[in-house]
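Below, subunit A partners subunit B and then partners subunit C, in two separate complexes.
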Partner chain A sequence: MISSASTSILNSSSSFNHGEASPFPDWFQEQQANAWDIFLKLPQPIRRDEMWRFSNLKKTSLETFLEASKIKNPDEIRNRSQGITDIAAKMIFANDQLIHREVSNLPEGVVLISIEEALKHHGELFRQHFMKHETRLGSYKFAMLHQAKLRTGVFLYLPPGVVLNKPIEIWHWVEGAHSAIFPHTLFVASKQSHASVIERFSSLSPDPAFVCAMNDLIIEEEACLNYASVQEWSAQTTAFHLNNTSVSKKGRATALQAHLGGLFVRSESDSRLLGKDAHSIMLSINPAHGKQEIDQRTFQDHIAPEATSDLLYHNALSDEARTIFSGLIKVEKEAHQTDAYQKVRNLMLSDEAEANSMPGLEILADDVRCTHGATSGELNKEELFYMMARGIPPQEGVKLIVRGFFQTVLDRLEEPLLRHCIEELLENHLF
Partner chain B sequence: MKTDIQSQIEADRSVGDFRYDVDYAYDAGVGLSEATIDYICDVKKDPDWVRAFRKEAYRKFLAMPMPTHWATKDLENIVFENIRYYLSQGQAPKRTWEEVPEDVKRTFERLGIPEQERKFLAGVEAQFDSEAAYSNIKAAVGEQGVIFVGSAEGLKDHPEIFKKWFGKVIPTGDNKFSALNSAVFSGGSFIYVPPGVKVSHPLQAYFRINAQNFGQFERTLIIADEGAEVTYMEGCTAPKFETATLHSAVVELVALKGAKIQYITVQNWSSNVFNLVTKRGLAHEDAEIKWIDCNIGSRLTMKYPGVIMKGRRARGEVVSIALAGDGQHQDTGAKMVHAADETTSNIISKSISLGTGRSTYRGMVHIPKHLKKCKNNTECDALLINAESRTDTYPAITVRGQGHSVQHEASVSQINAEQIFYMQQRGLSEAAAMSLAVNGFVNDLVQQFPMEYSVELKRLIDLEMEGSVG
Partner chain C sequence: MSTLSICNLHASIGDKPILRGLTLEIPKGQVHAIMGKNGSGKSTLAKVMAGHPDYTVTSGDVLLDGESILAMEPDQRARLGLFLAFQYPMEIPGVTIANFIRAAVQSRLPQGEELEATDYYADLYSKMDALSIPRAFTSRSVNEGFSGGEKKRCEILQMAMLQPKYAVLDETDSGLDIDALKIVSSGVNALRSPEVGMLVITHYQRLLDYIIPDKVHVMAEGKIVLSGEKDLALKLESEGYDWVTAS
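Coming up: the complex of A and B.
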């Protein structure tokens, strides 16, 4: 195996150019080559672009990042991948290689495999759903880079009527200074299926890294998916998390994004409501600190009538952290009786922090109920005083208030195992 | 509300839809070039610095792109070379209505301006196309040292105050249309209120477009010196022509320490006017600037009144009502820049979209670093009447540091079907019920207008409706 650790990601079109054969079928490789061309052709985003307003574009420069090298010590990574103990299945990826897969507890018919295996054994099914929706919240160029560079990823397929009682846990690790990885996730929840999944994204070392991850969640009729994405990248990491969710009739998606690490994090969540009584619940918690910049762009696209979407994002900003929230609720012409809600709250904990909010509405149907709200405020001094009067030191009091601030969002997660897992993790990230 | 109810609601835009022929003594012709600007300068006998200012602005206007990367593509339908940039009968406004030429006077009489002046105004300026035809201030107000003249007189007779603030609140290059205004401005008001003077009655300006393919570019500068108070109202109409007309004003307000300025607009342009206006105020310590803005007419309005709160405890407020009917786009909002400690701003916006109308709210709230105790409250409510109606909300809020309180809330809803049912059950027709519901939606804001205006507004929004369940 030739190590490619010294090759810039911008040098070549695919990640398999170093004596390694691509495991993918021709059609897939062609798409990848095409994606690379588009990536090269498209200009770098500029701030004048509404979708990049307020964004610090200097941080999206890719020049210094290298193709990720092969993992040296998979055992250590497996040992460190300890999350929820009571799970249905687990997969661990490191530097875009599958190093662990444990699926023995899955009911029959459930497919949880790597993308290269999915292309071999479920080619048609995979192709039908793979990157079906264009990335439209600003990062199309980066989605094309992702597609070109994609090496592996997860494919989960839940057959009709299957109910998983325990969550699935997926890990993605990055190792090595300036390594770049491109994790891909595709979940298809068929009719009346039900599952909970947690995806964990972590760095093995404090090195700088580049991540461009995509996850597509497809929720078919009456299916229900609880999803949590928890990111603990190193404080030097540039990360793109591009999410697409589509929910069909009576389907229900609950997706939480927890951004606990990273230096520049661009998070795009695009949710399509495709059928009557479809529900999409979009949640996010962000204890932004240091020099972190969390750039969130969201879209609640009501295509079908009588659907519900509900977004709740909580940002707590300390040090010199910056957040950008740009969210749009769009109600298409035919989407009558839409019920859409969007709320972002910024808790300002320092004088140097900056919160930008752009909550948007575009309503083309008249029989709707849409509201949004954005607030930026400081800690409630009375609450703090109350706690201090009862002997809780101020530092601890602040932590409790922030904890409570995030708990409001976490309480919306329907799967208690996911909730507890994130609650515990959060303890390590509150100052 | 059932969506299959085909309701047709029309606000009364017919008041200003008439036209008398007028002979113009001065006409800059069609299209825009340096020569057009020279013509305007020569006719107006502008000092050299104004000529230079205009030409610099013209260069900026040419260099700046249309802001269609965020604004509507409808802007591309403005054909700048088809517009007439200057038309007037003369540059000096008359002091009495008797002196105003008959052909112009009858227009204002029909609009009821002289009558209103007698009844409740402290001063009136009436602009007809490019220049004010009439400008007068009540003797008692004039004696207090209040200056209320056209912008041209302001810059000639009071250069020391005028030059100090002109173009300082809204720089020429603020946007493409402020640059255009700066290049070809004519008309508008100049007001100066001396320290401590509280003008008891409103000053009013009325803007009338009479000529086809005309562009009106008035420029207003209002300065309230320390502790002064003034209310200014503007109204506007134009007859309905076949082709599009452009109105692009720049309004600058300066409220010095402890001063209060209230600026009230009732915009009722005919539905072929592009109304692209830049309005901003600078509020010093303890000063208060309040924009009360009502947009009923025009084809496309883009207007985001702003307040820069430069001094401690300054206060900015925007109250906005927009009514977008068939084919109209009301793109309105507010801009609040907090630049000192303990400044507070408030934005209340209510819009109604009916037929194929579209209303858009765009807001900007900015609280930069190292400030303390700034507050902003923003509420936008939109009401959608028909299935083809549209509304958008695009706020942008930046807050740096702790110790501030900023909240934004927006909602979009329909007329409450239960309310309509309740009213119909008590014998009201569906049309009357709808009309009541719409008036109820904006009522709390309408009450903020002076009495005479709120009555007028109610009448304007007194909707005639023919509803039929189909």
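Coming up: the complex of A and C.
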């Protein structure tokens, strides 16, 4: 008898095998089957593809990864899921199973449920937003794999005008050697709602794993969402994080990606500015070390006029780490008076490390302000001398400088509880 | 033994000698001033004492209470009790003043001992008040966007917090208007004690109206060419430096 734990993810279209029935409605299952066909048909990306330039595609091979097995130790995982203490709600997933949901403090009308429940109780609303935008920064094939293999995920709906004073915390764990998981997140912040959410992605063991996570953040008129995604995958993990953000008129999205773990991490952030005076703030901190490769592709798509996008990515590279940043600001024809900013900074802490930066602009409108730039530099020796002249040992001084380098990004997060949480987590990843 | 002694010090940057046999002794409890033209080597002396890696000491010695510090790393020298107030303090983005000074104070504690946060902040705030530094500064990044006066006040704040045995103040008056000069000087004067020796490096006599030195030394071409009492500074101000080097 073949145990489910040893089934390759490439063997079958669905994650629901061995007599396990899919909890999803027919239309959803059909979409999943269709996604699987597309996944199979599409060729593996190659390095000649512009959207995969500089990528180490060998690290995206899927052959060795298996369907994640059922969690046997949910209590232990719940105990390990200690993050921010003062929160509005919490959900914990492990191997794409919901193992904890605490929502009693949420105001009436706020929906925070698993995707299977969302499909049962809020089918139309969910369907309206689910994977509405095509993945267009290179990983369409992997997005299709994600859709086919999706077992569960988070659906958050904030009704109009609701303001959450405390953050929501969501955990996604992976367990077991060569396990593959496909976490999905869909947030809909309705008109004038306001919330902060942190998603934590972690490995329970140092084993290799495969993750293909997607999230969609929908920010409607005058809504405000502070979002942080923090991954601490094991040093053997291949992870895709595919993020879509769309912001309507006078809406405001602040989304931070902190890639603290993983071996190969492909992160795509696609932000659409759909209404006048929409704001999208895109942040990332990446202390890349060892043989890590952090491959980030971004898109600031200005569709409506008078919107603002502001991207700030900081990479600190030590050992033989590699980073790739490729970012495009596109200002569509009608998007006059766009204000777009894009900055990536690479702090090189090792001669063996390699940072590739490809900032880009495509402007089809008149009367816009677009600034972009990429810098790479070594640690400032005079800063270090200044610190040592105060008695601070050099290794501590380097840490302070690197911490400061990331802090300038973290300071842009408006929710202090998220900021402090990430500051503390970062401490464990400063070499 | 309670002196900072600079003995026949020679130092170069690359192949270029800058200090050429400088000898100076600063006993604890005294304030000495070094004056000199631009290019005489004043700032080099400060950096060499602090251990800046760009400079090579070719001969001579620097003794802190009898112990040679030249083989020590800059951080060891600082923890031993040497403080350099920088002419151009560095900006360190993302590192708050509170965290920066805290790391410096922490580095002086024995291994495994944690600085008590409440005591630290009480100490920091009282010293900030004395230097008229608004408390909001604690959460600002070190020197980033500071005015010249704010940077220098921040240097003196660090000195007050770290309580060195010997302090070298490199052109602390540069870039200061008269009000800032008064605040900085009174901050320095408040730290004068029988337990501290100070070396004040300045181009202008003006600073010495506020920080009255016990001795004044004139530096030219990498060494001390004349030493005297505090009125020497006044003479230099009125007559310039040429008569010193010509004699």
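Convention: the second predicted complex is superposed on the first by the 428 of 431 C-alpha atoms of A that agree within 3 Å, B and C clash if a C-alpha of one lies under 4 Å from a C-alpha of the other, contacts with A are read in each partner's own complex, and residues count from 1 in each chain.
Basically, a residue touches a chain if its C-beta (ideal position, glycine included) is under 8 Å from a C-beta of that chain, and two chains touch if they have at least 3 such contacts.
Because the structure is a prediction, the values reported are computed rather than measured.
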| item | value |
| --- | --- |
| Which of subunit B and subunit C A:273 touches, first, second, both or neither | neither |
| Partner chain in contact with A:170 - subunit B first, subunit C second, else both or neither | neither |
| Broader residue contact with subunit A after superposition on the shared chain, subunit B or subunit C | B |
| Partner chain(s) touched by A:53 [first = subunit B, second = subunit C, both, neither] | first |
| Touching partner for A:209 - first (subunit B), second (subunit C), both, neither | neither |
| Partner chain in contact with A:372 - subunit B first, subunit C second, else both or neither | first |
| Partner chain(s) touched by A:362 [first = subunit B, second = subunit C, both, neither] | first |
| Partner subunit A, residues of subunit B touching it in the complex | 1, 3, 69-70, 369-370, 382, 384-414 |
| Residue ranges of subunit C touching subunit A (in the complex, touch as defined) | 50-53, 73-75, 78-79, 83-84, 86, 89-90, 92-95, 99-101, 103-104, 107-108, 141, 158, 162 |
| Footprint of subunit C on subunit A - complex, ascending | 380-383, 385-394, 396-397, 400-401, 403-408, 411 |
| Subunit B-touching residues of subunit A, taken from the complex the two chains share | 48-50, 53-54, 333, 336, 346, 348-379 |
